[in-house]
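A single structure is presented below for examination.
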Amino acid sequence: MIRGRVKGKVWSSRHVETLPGGALLEVEIDGGSRLIAFDPLGCDTNEAVLVTQGSVAAAYFNGRTAPVDALIIGSIDEKTK
Amino acid sequence: MIRGRVKGKVWSSRHVETLPGGALLEVEIDGGSRLIAFDPLGCDTNEAVLVTQGSVAAAYFNGRTAPVDALIIGSIDEKTK
Amino acid sequence: MIRGRVKGKVWSSRHVETLPGGALLEVEIDGGSRLIAFDPLGCDTNEAVLVTQGSVAAAYFNGRTAPVDALIIGSIDEKTK
Amino acid sequence: MIRGRVKGKVWSSRHVETLPGGALLEVEIDGGSRLIAFDPLGCDTNEAVLVTQGSVAAAYFNGRTAPVDALIIGSIDEKTK
Amino acid sequence: MIRGRVKGKVWSSRHVETLPGGALLEVEIDGGSRLIAFDPLGCDTNEAVLVTQGSVAAAYFNGRTAPVDALIIGSIDEKTK
């Protein structure tokens, strides 16, 4: 997994039908690159999060048809940094 | 997923038979690198798009035989940038 | 697989329910980048470890529902370096 | 997928038995990095090609046992560049 | 696949039980980065090898439980370089 920080939401009104409903968050990874992850936890901007990538992200949705390759799986307890 | 911007179409007259019919778009990712993604949405040049990668892109085609590892899953609403 | 060195633990009190219980370790890869891997072996800080990534990491958990894309699969015998 | 240009063939007389028979081509990606892809199309040196990567490349071989993670899926029509 | 050169063996006395028995070799990729791959062929130090990555590497072991994401699938005939 990788550590990132939430930078904001992304909206996509026009999307494929198999995209699950829910929040898509832009996350900045250490080093400055960014990715967009599905958020099942309701994270806030600036929250530190744990992101998993690839087919295991899609497997979260019970079935392999969700076209999601990045998933927030946890909020990182900041005091552990 | 990653955010990108459509730069144009790519044509491949000679291709493997399992490649699904449809548009292949060249997409520029932040930082300047490019990839080629299957577009089921009919996106235009310069449109901001959300791209998913890996086996979850192929899963969109109902079956694991589509040799597609990048799929446009949404058009990004630009006002949310 | 990649070689890394354990830098510390990461805690995530709020996480998806499918995350397996166990230690999440921050691992530094040669070159300085970091990832967070599930540790089934009880590794210590500064220990050299072997990390596998992607869906094969999730397969360790008997079932494809574990959202884990990085797994420590061994402690590297340092004298072999 | 990524765009690349064929640089030559690679021969491997000693290989695992599950490697499918056929051409392995060295392909240069924009930026200069190279990968080796299985070529089912009979591409020539300097030809522009479309390469898919990961498990979807192996799925081309009808079964998941082919240890192939890069596949040329098309020749790019150069006039579209 | 990627081209690499064997740099030496890696030993891991303490490892997960699902790691298949066999040699783990450190391989240097063009550009200088390194990865550790399972070697079913008995390659020597300095030998040029072809490495496949991801879930297709694990599929070599007949079943998806091998936590191996990099596999040497061939020795490259050096005269073809």
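Letters A, B, C, D and E mark the chains as written, and numbering starts fresh at 1 in each.
Simple rule for what comes next: a residue touches a chain if its C-beta (ideal position, glycine included) is under 8 Å from a C-beta of that chain, and two chains touch if they have at least 3 such contacts.
Here the structure is a predicted model, which is why all the values come from computation and not from measurement.
In terms of the stated touch criterion, the partners common to subunit C and subunit D are E, listed by label. Inter-chain spacing, taken between the CA centroids of subunit B and subunit D, is 19 Å.
Work out the mean CA point of subunit A and of subunit E, and you get 31 Å between them. The multi-chain contact residues of subunit D, meaning those touching 2 or more other chains, are 54-55, 57. A ring topology is adopted by the chain contact network, closed into one cycle in which each chain touches exactly two others.
The cyclic arrangement of chains, read from subunit A in the direction of subunit C, is A, C, E, D, B. Only residues 1-3, 30-31, 40-41, 50, 52-57, 59-60, 62, 71, 73-77, 80 of subunit C touch subunit E when the two sit together in their complex. The residues of subunit B lying in touch with subunit D in their complex are 8-16, 18-19, 24, 26, 33-37, 54-55, 57-58, 64-70.
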